[in-house]
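Below are two complexes that have chain A in common, paired first with chain B and then with chain C.
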Partner chain A sequence: MEFGPHLILAVLEGLVQASVLTLTALGLSLVFGVMRVVNVAHGEFFMLGAVFAYWVASWMGGPAAIGFVAALIIAPVLAGLLAVACDWLILRRLDYDPERTIVATIGMLYVIQQVTLMTYGPDAHPVTPPFNHRLAIPWFEFTENGFEFYYPWGLSTTSYKLFVIFAAMVARMGIWLLMAKSKLGLILRATQLDGETAQAFGIPVERVYAFVFGLGAALAAVGAVLIVPIQQAHYLMGHDPLLLSFIVVIIGGLGSLRGTVVAAILIGMSNGVISVFFTPTLAKILATLLVAFVLVYRPQGLFGAKPA
Partner chain B sequence: MVSKKISDFKPSRRKVLTGMAAAGATTALPGFVPFVQAQSSEPIRIGFQVHRTGIGAAYGRWYDRTTMAAAPVINDMGGLNGRPVEIISEDDGTDPKRGAEVVEKFATHHNTDIAYGTLFSHVVVGSAPRAGELKMPYFVVSEGHHVASGMLNRWTLQPGITDVKSQVQAMAPFVADNLGKKVTMIFPDYAFGHDHRDFFSAAIEAQGGEVIAKLAIPPTETSFTKYFPQIPRETEVIYHVMVGPAVLTFVKEMGEFFGSARPEIFGFIDSLEAVDLATPGLEFLEGTYFWEGMPRYAQENQSEYDKFYRAAIGVDNNGASVSDPKDVSTFAHMFGCWETLHTIKAGMEAAGYQGTSDRAKLVEAVEAMTDMAESQAHPQGAKVFNGKTHQVFGPQYISQVQDGRLVVQHKTALEDGFYPDEVDYTTQSF
Partner chain C sequence: MLHLGLIAALVLLQFILPAYHHGNLARIMVLSVFAMGYNIMFGYAGLLSLGHAMFFTAGMYGMGLSVRLWDIPVGPAFVIGIFAAAALSLVVGLLALRTIGVAFMIVTLMFSQAVFLTILYFNPITRGDEGFVIAQQVRQIAGLDLSNPTTRYFAALILFAICLLAVLWLVRSRAGRVLIAIRENEERARLLGYDTWAHKLAAVVMSGTMAGAAGAAYGVLFGSVGASFAEVPFSILPLLYVLLGGPGTVIGPFVGTLFMFYLRDLSSSLTDAHMLVAGVVLILLTLFARRGIMGIVRERWLKWLP
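Let's turn to the complex of A and B:
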């Protein structure tokens, strides 16, 4: 493949990955920022989003678009409610102690994964995309006749992949509006800044925590519902998003939403581009190496605040 | 009057004798074969190492169904040497480390007579050494070349399914003659995929073709478009074989990459085992070719053995479960379980197998086997077993997708898959 078309393809693939990754990583970052809980089970909520999407879509039947839209609404809500239940049943009882919640969320990881295995089964299932057209992308070249467009071999994307990029952008905008412009966002930011003072001002911190934990899981689930028509729902699919989300959150700065978005796009894009030109293994090596450098030279992350 | 009838029933000596004779005659009828009282009527325990979870789960489910269907059939035929067969399943999670532990558990905890049933080659390679140490006959159903390559040991046998080296060698002439000579290979990046890479490259060169690019993909990969730009433009044939839960994504993204300008495509059905060919996004496969170990769709010249085999497992003429047409089987591979179990039966009977002390005799008896006729025990086709390399050789099927069904175009001869022996396990001591 020539360099130009090859690069375009790499960028498109990277953008799809980055889009889903931003949503998943935002969820992880939000939970850490507000609650100071490192949610090791985050990838499993991602997986649950995909599995619920499959269930909803196959239960609805009918046209693929209706099933998909229903899944896009119902699956994140279900994953979020489950996360809220986990928060009330487990995390709250541990007083959100950082060390104990890590162990508890590791436990949740295995429980969720194994229950999915027992109910959903070990197979991968696809969700039919609401629409999926192959879009050939034109490229230009200079010939004797001057500037010409042509369709290079293999250079294409699908309408659904473009939709994923767009939908993730809308979701990011929604989160930004929620955090920056709404009263709920004010409460969240206040709790993040200083939980005790917030409580003293009458903010029901425990309920805020439950909400945030649910929101974090729901964000991961939205990412999963978007990706499941491209990939498939499988009970082990939570590993990679968890690892990448951690990489993103560490590079971006734990708890910094802006840093998370920037780092997710950086990692997602470089992952896509390096995977296409070299190998996916090299992409993972470089991302992990970057984490090491960030931890050594800028432990608070690219956008994180320096600890007081 | 019930009481009267009972009191009336006073059997004379003659009546009892005729009755016994009749009972004796019934036992000789087919389908009614009680277990001949051997020295022990204890069941023979077969430890079934099954990929119930992990990346091999779809295969595991169908290997399980095939095994559980074969066991009663074998018991109806009189069991193993007059003793009923009992299958003891253990999940290995498609994981080599767990695989070795499962073999250990069969030996020490379940006291099984033999171990059987493993598919994924890395699990076989991880488990076979332990089986050898435990002196436990280990019948694998894996396709990997590791048995015949001499890498394993005398206790490991593969009598139910042909290995990759033989498969690709038998099919390379068809690819070179009908599809093209410049081939790009896409394969999973572990032992099984490397077998494909090495042996197909050699086989196509022998036909005057060449492999111009090799794309190794980790078996746990979930997105594939990023690999496809490595396919050279001058590719005439794509040769693909993929495993794991993401196979459907792989094939779909390949279709999206090529659009209407696809080269010829020759795939191993592994890339779509347990996947419905009618799934949206697979339309581009129309007209492409697949290797099949055994034809998923019942063909026009379907044998009575194929009919019996499908009915016993509960698979319809489209290769899907009779109870759920969406639940598509791993039809091209799972016959290996059925045939291996029948070979174990034949081996135990030839060896006069009584218990674990006869394990070496069982291995020797299987090593002595050669021709296996197409039959109810071997519905996939006639085979030849090579006792020295512990590997069976069978026919291969090349099918084309026509109207969303796989239609067999070519069946290879046994000789097409023969290659010189690379090991003689019979010279190793037990």
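Let's turn to the complex of A and C:
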């Protein structure tokens, strides 16, 4: 393949990765923004989304589309409820102290991961996509007959991948509507600005925290359900999304949802593109070092305006 | 006195323990050196690092690569490993200490991850995930074969004793007291005229160097060097050991390592998912026992415990 078609392919793959990453990172960012705690177990809720999706889809049977739609609804709800339970049983008792919360969520990470290993097993399982048409993409070239379109071999995508990009956009719109337009969003933003004052105005801050923790986990799970027909469900799959979400949330500016979305698209795309042309390991080394230096020299993030 | 007693008890145990526990205890002593290094930063200076595996592997690969690539004898290679860890901890300290709190944890995590990925990236030199073996015939210092269980035990014990006494000396020194002051209230320590930044940097370098010594020793004594020692769980383990044993106590890291090692050993007969125990213990400790075993002992009975 020539450079042009290769680049298009890389951009498309990057867009799919970026779409899922925005959802996962939004979940982490929301939790950090409102609750001021870092959820190290976030990647495990992502993994649970994928594993629940596999269970729901295989339990429903029938046509792939029904199983997938059911998984898309049930898996995030289950992951979210589990997160609410973790918040209520553990984090609330720690008074959301930042350092102790990190240690406790590290513990949660291993408990969730290892329990999944014991029940779901060490193998990866696929979920059938609801639809999967191969779509060839045309490319042009200049021949002696002038400008011509043709379909290069290997340059194609699937309808499902386009659906992932679209669905992630819808979910992002949903989050934006929730935060900017609804009463609940107002409550969340009030809690984020000043928890104590919010409590003084009669907002049940503890319940808001539990809800946000659950919502963050559910968002990660939605991302996982979307990706699981492309990438199989495996008990260790939470590791990369966790690190990438960290990277995105920090570069986008801690607690800034808009910065998170911009950074997720940027990181997801460049990760996809760099991985196609260079090795993925090099891409990851550069990304982790970038994060460390952003935190050291620009703690408000690359897009955050106000100092943290 | 208590600490000399512990060392004496460990010398005695060498002669009476059955082979299996004897081998375990050598491993526990090396790992508790790692945890003691961690404790200098976390327990005394109050700096929570999530990337201590990078110092451990710096020592390990500093030692291992000088043996593998340049055929340097194990003794000098061990010293090179310690210097490699000291250099890395100086650089990381200079950068990471510009941040505090949660940002500090994430910066250390990211640097550690970068070290892990770098090891994978230079796979032809480091052998990546597979790692490499330090051949048995080169694992000797001054004619003593370090792969022999008895010499190995004593080598581990000597390293452990040196580090234990060094930490004891540190916490009794002025610098150690300044570190505790920083942990309790950094602002106040600075107001009293102490250079808190220099003290914190010194704590990071000492902590990283001790972790590196443990890494180099692990490579020499058990003969294996690998990228798995650089992964995230290996940064969590010293945190777990110190939290369990008691942060800010001199023998806490050893107690925590000992308990955790055997807890894992016992649970391995029940399930393969060995990190499950680590996770449960971490949650329970943060919820119910923030001071760890020796911390509780100090609170209840032995007020003088350093």
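As a working rule, the second predicted complex is superposed on the first by the 304 of 308 C-alpha atoms of A that agree within 3 Å, B and C clash if a C-alpha of one lies under 4 Å from a C-alpha of the other, contacts with A are read in each partner's own complex, and residues count from 1 in each chain.
In this text, a residue touches a chain if its C-beta (ideal position, glycine included) is under 8 Å from a C-beta of that chain, and two chains touch if they have at least 3 such contacts.
What you see is a predicted model; the values in this text were computed from it and never measured.
Colleague: Which holds for A:His234: it touches chain B only (first), chain C only (second), both, or neither?
Modeller: first
Colleague: Pick one for A:Pro126: touches chain B only (first), chain C only (second), both, or neither.
Modeller: A:Pro126 sits against chain B, while chain C stays out of touch.
Colleague: Quick check on the superposed pair: does A:Phe166 touch chain B, chain C, both, or neither? Answer first, second, both or neither.
Modeller: Neither partner.
Colleague: Pick one for A:His6: touches chain B only (first), chain C only (second), both, or neither.
Modeller: first
Colleague: A:Ala136 contacts which: chain B (first), chain C (second), both, neither?
Modeller: A:Ala136 contacts chain B only, not chain C.
Colleague: Look at A:Trp59 in the shared chain and tell me whether it touches chain B only, chain C only, both, or neither; answer first, second, both or neither.
Modeller: Neither partner.
Colleague: When the two structures are overlaid on chain A, which partner does A:Phe201 contact: first (chain B), second (chain C), both, or neither?
Modeller: neither
Colleague: So, A:Leu117: does it touch chain B (first), chain C (second), both, or neither?
Modeller: Both: A:Leu117 reaches chain B and chain C.
Colleague: Quick one: is A:Phe278 in contact with chain B, with chain C, with both, or with neither? Answer first, second, both or neither.
Modeller: A:Phe278: touches no partner chain.
Colleague: Please report the chain A residues shared by its interface with chain B and its interface with chain C.
Modeller: In chain A, positions 117, 281 sit in both the chain B and chain C interfaces.
Colleague: Under the definition above, what is the set of chain C residues touching chain A in their complex?
Modeller: For this pair, the touching residues of chain C are 48, 50, 95-96, 98-99, 101-103, 105-107, 109-111, 113-114, 117-118, 120-121, 232-233, 236, 239, 243, 271-276, 278-283, 285-287, 290.
Colleague: Residue numbers of chain B touching chain A in their complex, please.
Modeller: Per the touch definition, chain B meets chain A at residues 52-55, 57-58, 60-61, 218, 221-223, 225-231, 233, 245-246, 248-249, 256-259, 261, 274, 279-281.
Colleague: Using the touch rule from the top, collect the residues of chain A that touch chain B in their complex.
Modeller: 1, 6, 9-10, 13, 17, 64, 117, 121-124, 126, 128, 132, 134, 136, 153-154, 156, 158, 230-232, 234, 236-237, 240, 272, 275-276, 280-281
Colleague: Looking at the complex, which residues from chain A come into contact with chain C?
Modeller: Contacts found on chain A: 38, 90, 93-94, 98-100, 102-104, 106-115, 117-118, 239, 243, 246, 250, 279, 281-282, 284-285, 288-289, 291-293, 295-297, 299.
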